[in-house]
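What follows is a set of notes on a single structure, which appears directly below.
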Amino acid sequence: MCAIFGIAGADEAAKLAYLGLHALQHRGQEGAGIATTQDAKPYVFKRQGHVGEIFSPDVMRDLPGRSAIGHTRYSTAGGNTALNLQPLVMKSALGWIAVAHNGNLVNAGEVVHRLETEGAIFQSTTDTEVFIHLMARSPHRELVPALTYALSQVQGAYSLLVLNSRQLIAARDPMGFRPLVLGDLRGSPVFASETCAFDLIGARFIREIEPGEMLVVDLDEVSRWESLRPFPKSPHKKCVFEHVYFARPDSNVFGSNVHGVRKALGRRLAKEQPVPGGEVVIPVPDSGVPAAIGFAEESGIPFDMGIIRSHYIGRTFIEPKQSIRDFGVKLKLSPIRSCVEGSRIVVVDDSLVRGTTSKKLIKHFRDAGAREVHLRISAPPTTSPCFYGIDTPTRAELPASSQSIEEIRRYIGADSLGYLSLSGLIEVASASSASGFCHACFSGEYPTAVSNK
Amino acid sequence: MCAIFGIAGADEAAKLAYLGLHALQHRGQEGAGIATTQDAKPYVFKRQGHVGEIFSPDVMRDLPGRSAIGHTRYSTAGGNTALNLQPLVMKSALGWIAVAHNGNLVNAGEVVHRLETEGAIFQSTTDTEVFIHLMARSPHRELVPALTYALSQVQGAYSLLVLNSRQLIAARDPMGFRPLVLGDLRGSPVFASETCAFDLIGARFIREIEPGEMLVVDLDEVSRWESLRPFPKSPHKKCVFEHVYFARPDSNVFGSNVHGVRKALGRRLAKEQPVPGGEVVIPVPDSGVPAAIGFAEESGIPFDMGIIRSHYIGRTFIEPKQSIRDFGVKLKLSPIRSCVEGSRIVVVDDSLVRGTTSKKLIKHFRDAGAREVHLRISAPPTTSPCFYGIDTPTRAELPASSQSIEEIRRYIGADSLGYLSLSGLIEVASASSASGFCHACFSGEYPTAVSNK
Amino acid sequence: MCAIFGIAGADEAAKLAYLGLHALQHRGQEGAGIATTQDAKPYVFKRQGHVGEIFSPDVMRDLPGRSAIGHTRYSTAGGNTALNLQPLVMKSALGWIAVAHNGNLVNAGEVVHRLETEGAIFQSTTDTEVFIHLMARSPHRELVPALTYALSQVQGAYSLLVLNSRQLIAARDPMGFRPLVLGDLRGSPVFASETCAFDLIGARFIREIEPGEMLVVDLDEVSRWESLRPFPKSPHKKCVFEHVYFARPDSNVFGSNVHGVRKALGRRLAKEQPVPGGEVVIPVPDSGVPAAIGFAEESGIPFDMGIIRSHYIGRTFIEPKQSIRDFGVKLKLSPIRSCVEGSRIVVVDDSLVRGTTSKKLIKHFRDAGAREVHLRISAPPTTSPCFYGIDTPTRAELPASSQSIEEIRRYIGADSLGYLSLSGLIEVASASSASGFCHACFSGEYPTAVSNK
Amino acid sequence: MCAIFGIAGADEAAKLAYLGLHALQHRGQEGAGIATTQDAKPYVFKRQGHVGEIFSPDVMRDLPGRSAIGHTRYSTAGGNTALNLQPLVMKSALGWIAVAHNGNLVNAGEVVHRLETEGAIFQSTTDTEVFIHLMARSPHRELVPALTYALSQVQGAYSLLVLNSRQLIAARDPMGFRPLVLGDLRGSPVFASETCAFDLIGARFIREIEPGEMLVVDLDEVSRWESLRPFPKSPHKKCVFEHVYFARPDSNVFGSNVHGVRKALGRRLAKEQPVPGGEVVIPVPDSGVPAAIGFAEESGIPFDMGIIRSHYIGRTFIEPKQSIRDFGVKLKLSPIRSCVEGSRIVVVDDSLVRGTTSKKLIKHFRDAGAREVHLRISAPPTTSPCFYGIDTPTRAELPASSQSIEEIRRYIGADSLGYLSLSGLIEVASASSASGFCHACFSGEYPTAVSNK
């Protein structure tokens, strides 16, 4: 997963991009980059690491100009990381172009193969470069038609920001898989994956970039932007997992507040999967907290913060040879004995992917004296990999793709295990936002053809 | 504030010390160090930074031996940090000695002055070096009498670990200001500032080191340790602020679980300072969470996690010139509009020291639409500086030392402000642990003479 | 300027490339890189800095395989250095290709413009990428015809090494501007810019790669390489400045030992520009030493090492505000008073480009007591910029392009100034090697059309 | 070996100290430090590494004040390097004191033992700390009598700079083993181990600090310094090895120019140990160059720079497994085949300590085609370790302590081997400077009692 941020026509554009990425880094902590433009020239700085470590005052001085786009990247296996950091800045007959992208193309493999046959050279393994190659090969010499040409050839999920010396363009695929919002900061248009970036810099939220929309900002007159819709309308397929897990609770995503949706999921979960006789509701921090509060409210069972999450997980990891049982989980999550001892506890988490962490955590709770451990998940079983930008395991690694809930319950060692139903999830998510959702990870219903990429 | 950890006669002693310090680093994140011994020689590594960054596998290889002591240090203003990191390892006629210390001596200035007059040279500005100089000048040539000689000349708060090639000694001042606990890991004695360090490495808690106790472990026969009480008994003065703020919620400190005490303080606060018509109870994360849960339970007002705390505060800090209002707080704490909009909210925090953060936070809540903001503090007003090891501001910087509660309320802009009473705090803290507390920061009643140090 | 090195079919190919680059780094100290191949995959590591700092044992472990090419790069102004480091490794329909290049194309601008019009995207500003794009667009799908196709479209100076998973190719432009030699290390073919790289690793010198030659090594059978000459013969235009300044004295370049040529230039200089009454011959170290020895031998004036050159010029450079006169030169070159005091001295240098250093040095000699300072240059006046790979100033910055020798003498403050004649230079350089030289920097006679690039 | 530098009452004192250390770093490249004072407070920065890397502009900003002392340290085996860097800055009843020291005490072991018995604590293993402890224990509370008291208790070699908030003192032991000179920079007194530091910053040389002298500068009135001679006169024992090898050629040491002395040693060597039929004289660079020039002049055999010395020896050192013969020497020194092929060569070096490098170099010369290799050393055989500050091997590692010259010749593989005689060395060294020399490393005649330290 990734986040993108853009701003046009503002003093200290790079600093604002830095702050926007800071607010968005829950979407990607492997590396980040910012590209700016001044006097028709591009400037870019990208590095691996956390946003706060990458952008020093020295780096900021080397990112002049009044318009900027930025990107923060999630850790994915393999690949030359440094080359895959974004924004990509490349020079072609269109001049230089900087691109930042969140999403995943389902036909990237075919397109790359075709372009290489025609003499193209690829530097990275990112989809982002695919957009740039397609633009460079467009018969057009202006950014808007070249981008339209490029987008007409790709399928899948993309929320894009494109910057050159004259324009900043925000684009979102016709199904609208990934979020992208438009704001205003004292007359400058601002773009971000989530609204929490606007809150930090004091920008005002205007609206979502619509699925299928291309919003074009002229850098010489940023207050007058133009909205284009070059492609036919498509049913919306917004990623429901953004609400379940990915987005930050204080963001509004697809029109709803994430924290509010999660609490509502917890309430629904309490109705669908009650725990009679439960004595305390304990969230798996941090992402399970809102659903646990909702569950506690609906069920009347008291809420308690019965696990401490350590925020000091360092990069070097040293484990004794005489291995400490469940060491990794223990370093991060510490149950509080006084909260659980002798009790029938309800543990609430937002999702259960592989199940290994849950298994260890349940063991910890029992070691700390819990009498019964009932696990409740505020989402349906994860049965299918995502091809639209979320790094899920393959189907073979997803226990729910092949095992029954009872088998999983036995594996993780819970006294009971309850998931939210798919219909429950969709009803809650749809309550405040009219449009459709992609729930392929829970249902296997992919809204596009998917390759074996 | 600082934390200490020690272990005697264990495989991979340095790794266990590393893990113990990892669990304890909420008590000090400026730097850390570990000293070990093998074949009568000392090994030490200290550096500024977080525990997880300091101790790489390479560093571990350079810390051989079966006994270790470690220290993690809180950031304090001024002074040459690198020189002040602990454990201090120094060579004298006693051979080498390694010392790690948590606390603060109230007569250090006088002792240093006297020793310098006699020709002593001080390298650091830590009290720790005072212990070593006094030991080096003792007429005795054995560690136990030399340490007894040294301790007889100092006053104030200390929880100490002393290592040489033959013994590991744990000592605690007669009033018992700072915590220090004894555990057992498969036959090896373990020492730590808090029990959470034992939980991480799987050690069994045995008991507190008693105020005034010196517990001596012979490194050749670690299972048979000796308890000495070289000094007259004194009334206990355990630091109540450990329960209010400092210790980790999953630790047991002075015989009580910290999380449980904090929830009880929240309940008592709800009785003493109710908020009629309050619609939601919101904690200031992370330390205000347990008290807020207690307050919600007692008052019946729903609890919600209405502030998101960012865990990505980087080291470089870049703020735009066109200053963003209350920027620092905003980067760290983000109110969730949907939780507070239109509501009469009760915000619960564990303490109010300078008040500047509270003031900004209340402003944020109002910007996010809160109708009324009622601040409740689960401790009494902080009126007096600490001379026993906690880095509090001077009296002049503590608003509660000179202003009324109403004046503070106006300054921070709350609709109402309520503190827990001192008697309430003492009653709750004493409920589960019989012994006496130091509450000088709230009452100004210092249990020792204090210099102007 | 740059250096290249390659080896095929050897154990520890990357280590040998590292050593080769170590010997060649007088040709470029800004950064370096090595690419290797194993199991048909490419591996590459490039970084700014000195060769000895870049390649740690860890880096070496990440460069597996039995064939390698390497590059070390000279500092040039502007441009994103990191992107311009070589070898470039790019993926296209030909598969991946790694290229390392020494030289400069005179028609690169036109070619880049044409390729961009056709949709190509350029990542760097190096000529090296031009070769790769041309190969990727070749109608051929094999490396040799694709490279031939590419080389047929470029003009200028190139000594190239190209590696893919099956072949290593060495190529030199038909005029042979830059050196490139072939050696043998226990059956493995080795390539280097200069023979000094062979001496370090114990390889045997075989012969120069001929101007216009493409030498193709099959990685599966390295001992049987094939020599191709795809282009028509051309008069040779070997860079005479390699002998004057650039190459290492212990190298054989274009068939002659560099140290020997430089001593011969010094002898010729003594005949053409004698200094009657000269009392001591002092070289400007290190590059002026051989010519000074030759001058002293021919003239009978004693040689002395009257300047100490410091080898500790650090990267940070701190100068006091109350500026020390001629500080930069002073930090590097220190005259020895006892060698020059009261004497008529002859200072010998290999070239005089801008003249600023000479001016300062002459001032130092006078401060140290020299009675007369006679400067002798073992090359003709530098009048014209190089377009074939040497970083010379523009014509406007070259005093000899517009000023008389007498004007330059007055500017630098010498008692006399004498240059070697162009015919003298050519005669000496040609004495041991039959082929023709490029001397455009001294004569302005460019052997190719030159753009204003 | 080490170097020291000091300056009192100058603008940008730390920058001038930095430059002085830069000029002196041939005497020590392991680490360096600078201490300054402003408003009665001390400032210090020390680190491992080269001078040019340690002192950044940021570091300079943290070294305010108008007086500074600096130190650069040679690599010595063992010990905690970071702790042993100088200047040492310590606080005692005298206030803070900063000390930088070049030399070695022969009774340090006894003094340390005595002080520890009295309760002293040592942090480092340097002699420098001995001075500070002795001062701290002096009955006096002023710097001059305290330092006199300290110096009266030590024996051996020391050139010292001592700084506190009011004075800068330069002191040299009564025998004058190590050099120390006084200069003037626009009214500010300057101190340095060698005059080359004065040349770089433009200071005027005044005179040597005399053996046994204490020169006291009052920081409030730097132009009026006082010279004290608290100790009885002693015969001078200046280190002759400074002239043979250690000092920089452009320095004047003990009243003579080092380059001039070395050339004279070469001339004397040519008389004592001629090489009939020698065809070329080749120095081992850089330190053998002046003696080789002298040898060539005296003998009439032509001088040539037949070895290239690489200046790019990086810190990481990667050698192939299939070991390259004599790899280390080869990386650093490259014979030029054209200079030696077929010739009877005379190789001149300044000293032969262990002989391993000479052996490898002679092998290289033979591989490069030399017909005969005659090695001439411009000093006597090194038979005895130094106890006065030069890091020589132990007696057992010095071949000349137990083997005949013929045995050494056979070991290194030279056709002949000739050393300068001890009387020749002393006569040349004494020619221009009247005072006596220590030549214990060549003669075994130690001017003090020496312990087995």
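First chain written, first letter: the chains are A, B, C and D, and each begins at residue 1.
Note that contacts are C-beta pairs under 8 Å (C-beta built on N, C-alpha and C of every residue); 3 or more make two chains touch, one makes a residue touch a chain.
None of the values given here were measured: they were computed from a predicted structure.
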item: Greatest separation from chain D - chain, by CA centre; value: A
item: Centre-to-centre distance between chain C and chain A (centres being mean Cα positions), rounded to whole Å; value: 50
item: Chain centre separation in whole Å, for chain C relative to chain B (CA means); value: 62
item: CA centroid of chain C to CA centroid of chain D, Å; value: 37
item: Residue list for chain C, restricted to those that touch at least two other chains; value: none
item: Touch-based graph of the chains, sorted into line, ring, star, complete or other; value: ring
item: Each pair of chains that touches, named by its two labels; value: A-B, A-C, B-D, C-D
item: Chain A to chain B touching residues, read off their complex; value: 11-12, 15-16, 18-19, 22-23, 25-26, 29, 50-53, 55-57, 60, 196, 199-202, 248-250, 257, 259-260, 263, 289-290, 293, 297, 302-305, 308, 310-322, 324-325, 330-331, 334-339
item: For the chain D and chain B complex, residues of the former touching the latter; value: 90-93, 116-123, 132-133, 136-138
